[in-house]
C-alpha cells in the first residue's frame, strides 16, 4: 500500500528461507554455511539456537535469489542440501518467499481479530493468500464480501460437530490450505481435526496462559483481581489451551476496570498477539519442539 | 538524600490520610468532603471508587495539616468523624503521615529484594522504621549490620516451626511491628501467624499469579515456554499464593533464555513489584476487599 | 456488537458527565458534590486533580440519569449549577452521554489509522457519529463506501491550500462537526484552521514527542540508533507537533530492524495511541490546561 | 550467591567470545565457523548481523574451552585467526570470559545507580573487578567501605577540571581500568578524557534520548506534559548526550505525577538501563559502529 511496503514485498519475493532442527553437534554452522557459500548464496540473515539441555540445534537462514532463476534455484538447492540433511539427521523446511501460503480464517461472532487480519493482509503486512473465511455465525459475511474473500457458513452444534468438521476439512483440502487461523473461533476442534494440521493451526486465547485456561478468562481475571491482563497466541494441539506458545502480551488494568473494560482492553492485545504469530509463521520464523517454540526475530 | 526527596519528606510529615470503605449510597462524597471542609481541611488529593456489582464505596483523602498542631489535630478530627462513620457503616483508617510505621523484614538466602528495600529505606523512598530483620539463614547479617538494623536469626525446620513462629510473633509484638514484609522468605507461614497480621503481611511471588503457584515458578515457566515472565506482590492469607494482589509486572524473554536467565531477569521484577507494594502500603494507598485490592495512585 | 458492548452502550446512554476546571480553593469537592447530592444525582465516578504549582483544580463527575427524563434533566442541572460555577470562576462542560458527537476523519494515502478508527466505530468502541471522511487522496474512498460514510476528496497543493481549507471548514460547519481527527493526514493545517477548533483537533505523530519532530521521524529514529520507537497523539495547536500530548506508547526495536521495520512496528503504535485519544475525548475524559492534558481514567 | 549464579559463573569461566566487524561479503559465516570447527571449538552461541545499507557485517561467537588449557588456547586461536582477519579486513576482539575486566565507577551525590551496581557486582550479576570508586562528593564513601572498594575523592570545579581529570586519568591508568561507568556522575568529561576511553565510558542519562538532552530532563519532561518518562544508557563521546545508545526504557506517568514523582520513578529506570548496559559490555555483547550499537542478546 505504501512505497515502503512495496519495496519490502518486492524484496521478499526474491528470497529463500531454510529452517532446520537436528541433534546438536560440532560444526553444524560451518557445514550449513559452507554449503550455502559453495552454492553462491548471498546470506541476508542467519540465526542459530541451541537447546543445551536437550542437545538440539535450530537454524534459520535467509538468502537472496535472483528472481529470474528462483523457480529453478530452489529445487537445485534442495538436491544439493539433501545428503547433508540426511547425514546430520535434520528436519528441514525450504521455501521460496515469493510463494504465498494459502490461509483459512475461522471466526465466530466477535470480529475484531479477523477484521484486523483482513486489513493487514490487504495492506501487505501479511504475505499470504486468504483462501476462505469459515464461521459458525453470519456476522463476518459482509466483511468477507468487502475483501472479496469466499465465505463459508458452517454451523456447529454438539450433535453436528463431526459432520461440520468433515465439511471444513474437505473445504481446506480442496483449497490447498496450509495454515488455519482461529481468530476468536469459539468452538473446540476435535483431535481428529487438529491431527490434520500439526503446527499449522494458530489460535488466540484471551488470557496470559497458563493462567485462566478455558472459558471466560476475563471474568476469571477480574475475579482474581490481577493487575495486568494478557493474551496468548499458540499452535493448537489436542489439549485445550496447551499448545506451543508463539507470542504473549499484557496490558495494565486497575481496580477501576470492570469486566467489560477488560474485554475492551483485551481486544487490542488479542489483535496484536494473533497478527504477530500469523506474520512470523508466514515469514518462516517459527520452529516447534516439544511443547515450545523458537521464534527467530 | 536529594533535595527533591527532602522536600517530599517534609511535605509528607504534615499530611493526614483517611481511608474509608462502606456500603455505597448517594451523597457519600458530599458528606465526607463536607465534613472535611467544615473542619478546615485543605484537601491535597481525593480519590473514590465504587464497586457497583458489590455495592461498595471506597475513598482515600489526603490533606495538609499545620505541623505544629498535627498531634492534636488527628484526635480532634477523629472525634468529629466518628458519628458520621457509624451512621454510614464505614470501616476507616486515619493516619498522620509523619508517624512512620514499624516494619519487620523477613528473608532467606536470596538477598536481592531485601538489599533493595534497605537501600530504598535509607535513601528516603520508604517512609518507615525498619525495626528488625528476621531470617532462617545468616547471609543477611552483614547487610543488617551495615544499615544498623537489628538482626534475628530464627532457624526453621518442620519440627521446630511452631516454636520458631512463637519466637517471631513475640519479637514482632515486643517491637510493635505493624507490617511484615516477606522479601523472598522461603518458609510458609502457618494460619496462626497469618491471622495475627491481617492485610499486613506482604509477600513477593516470582511468577505472574495465578500462573505457576508454588515452588520453582521459573522452572515451570521455562518448561511451559512462556514468552513473558512475571512477579507478583500480594498480601498473605492462609491459602498459598492466593492473597489479594497488590502489584504485578512482566518482562519479555525468548527461546534463548535458560532457567538461570529467567531467574536473573526475574530478580529485577521482584524488586520492583515488592518495593512498590511496600511503598503504597506505607502511603496508605491500599484497601483490601474480598480477595482484591483497591490501589489509589 | 457483543452482549458486553451492548450493556456498556446502554449504560452510557443514561449518564451525564461534568468537566470542571477553576482556581483551586478549599471546599470545592464539598460544594460540587453537595450540589449533585441535593439534585439527587447518583454519582458513578468522580475524580479530581490539583495542580499545586499553578493553583488549579480539575474535576470530572459522571452520574446516572433516568433515561426517560434525561433530556430535561441536563438543562435543569445546568441551571442549578450555573450560579456556583460563576461564583467559583469555573470553566465547565456538561454532556449527556447519549448524545453522540459528530466527528470528521482526515487522512492521506496511509490507511491503517483510519481503517482502525472506522472498525472501532462500527464495533461500538467509539461513541460518535462519523459525519465525513476528508482526504487529499482517493485511496480511502472504497473503505468509506463500505462503512456508508460520506467521502470528500479535497486535493491540497501549496497554491490551493487556502481555498482547500475554506472548503473543508465550510463542510465541517455544514455538518456540525465537533471533533476533527487527523488519522495520518499529511498536510499541515494553517493557524486559521486550527483556531476554529481549539482542543478539538486530534493528531497522531509517529514518534515519541518531543523527539523527532517533523517529517520522517522513523528515518530519524533509525539514524540515531534508538532502542525504542514511539507514537504520540496530541491536540493540534498552531506550532507543529507541539500541542498538548494526550497519549504516548513505545515498542522495543533492535539493530536488526531497518527503517521499513520501524514503519511496520510503528503502525500498531499509531493505531493504539490515536484510538485511545479519540475514545477519551469522546468520553469527556480530557481537560487541557497550558500546553498539557489531564486525562481522567 | 545462589546455586544458579554459581553454576552460571563456573560456565562463564570456561568460555571464549569473539567479536568481529568487517565489510560484508559472501561466505563470511562459512569461513569464520569453518575455522572454529577446524580448531575444535564447540560453539555455544553465534549471532550475526548485516547492515545492508552500509555494507557491514557483525558477528559474535561464544564457545566452550577446556578450562585447564584455556590460558594457552586463546593465544593459539588468535594466531590461527589473524591471517583470516587480515584478509577479510576484520576488526576483532577475543576474550577469555574468566578474565574479569577492571572497572571504575564514577558518581556524585545521587547514589541509587552506584548502590545498585555494587549490589549486583557483589551478588555475581556483573562479571568484573571494581577497581575504584571516584566521586566529587563524599556521600558514597561509606558504601565503598562496606563493599571493600577503594574510594577516591576528586573534587571538581571549573577552575580545577583539567587538574582533576589528570588525576583521574593517572589513577585509571595505574589501576589498569578498562571500563569507566558514570553512575549519575554530574560532571561533563572533557574531550581529552573521552578520547582515552573510546567506547569504554558508559553513562546513564535520565531521559529518553534524544528528547530532553542536557540538564534537568525530568523538569523538561514535566513541563512538556509527556505521558511516559525514560532513561538511556550510552557510550560517551565528545558531544553531550549524543553517543551510541546501548539501552533505553520508559515508565508510564500521569497528570498526577509532579517533578519529584518523575525523579522517583526515573530512579528505577536509570538503575535498569545502566546495569543492563554494563552487563552487556562485560559479556562482550556490544559492537559500536557509526553512532549506533549492535547489541547481541
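All chains are identified by letter, namely A, B, C and D, in their written order; residue positions are counted from 1 within each chain.
Keep this in mind: contacts are C-beta pairs under 8 Å (C-beta built on N, C-alpha and C of every residue); 3 or more make two chains touch, one makes a residue touch a chain.
Owing to the predicted nature of the structure, the values given are computational and were not obtained by experimental measurement.
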item: Same-residue or different-residue interface between chain A and chain D, half as cut-off; value: same
item: Chain located farthest away, centre of chain A as origin (C-alpha); value: B
item: CA centroid of chain A to CA centroid of chain D, Å; value: 37
item: Distance between chain centroids, defined by C-alpha means - chain C, chain D (Å); value: 42
item: Per-residue multi-chain contacts in chain C, two or more chains; value: 45, 52, 254, 256, 297
item: Contact set on chain C toward chain D in their complex; value: 49, 52-53, 208-212, 224-228, 230, 244-250, 254-256, 258, 290-295, 297
item: List of chain A residues in touch with chain D within their complex; value: 26-27, 29-31, 33-34, 36-37, 40-48, 50, 52, 252
item: Contacting residues of chain D [partner chain B, same complex]; value: 1-2, 4-5, 7-8, 45, 109-112, 115-116, 119, 123, 125, 139, 146, 254, 256, 259-260, 263-264, 267-268, 272, 297
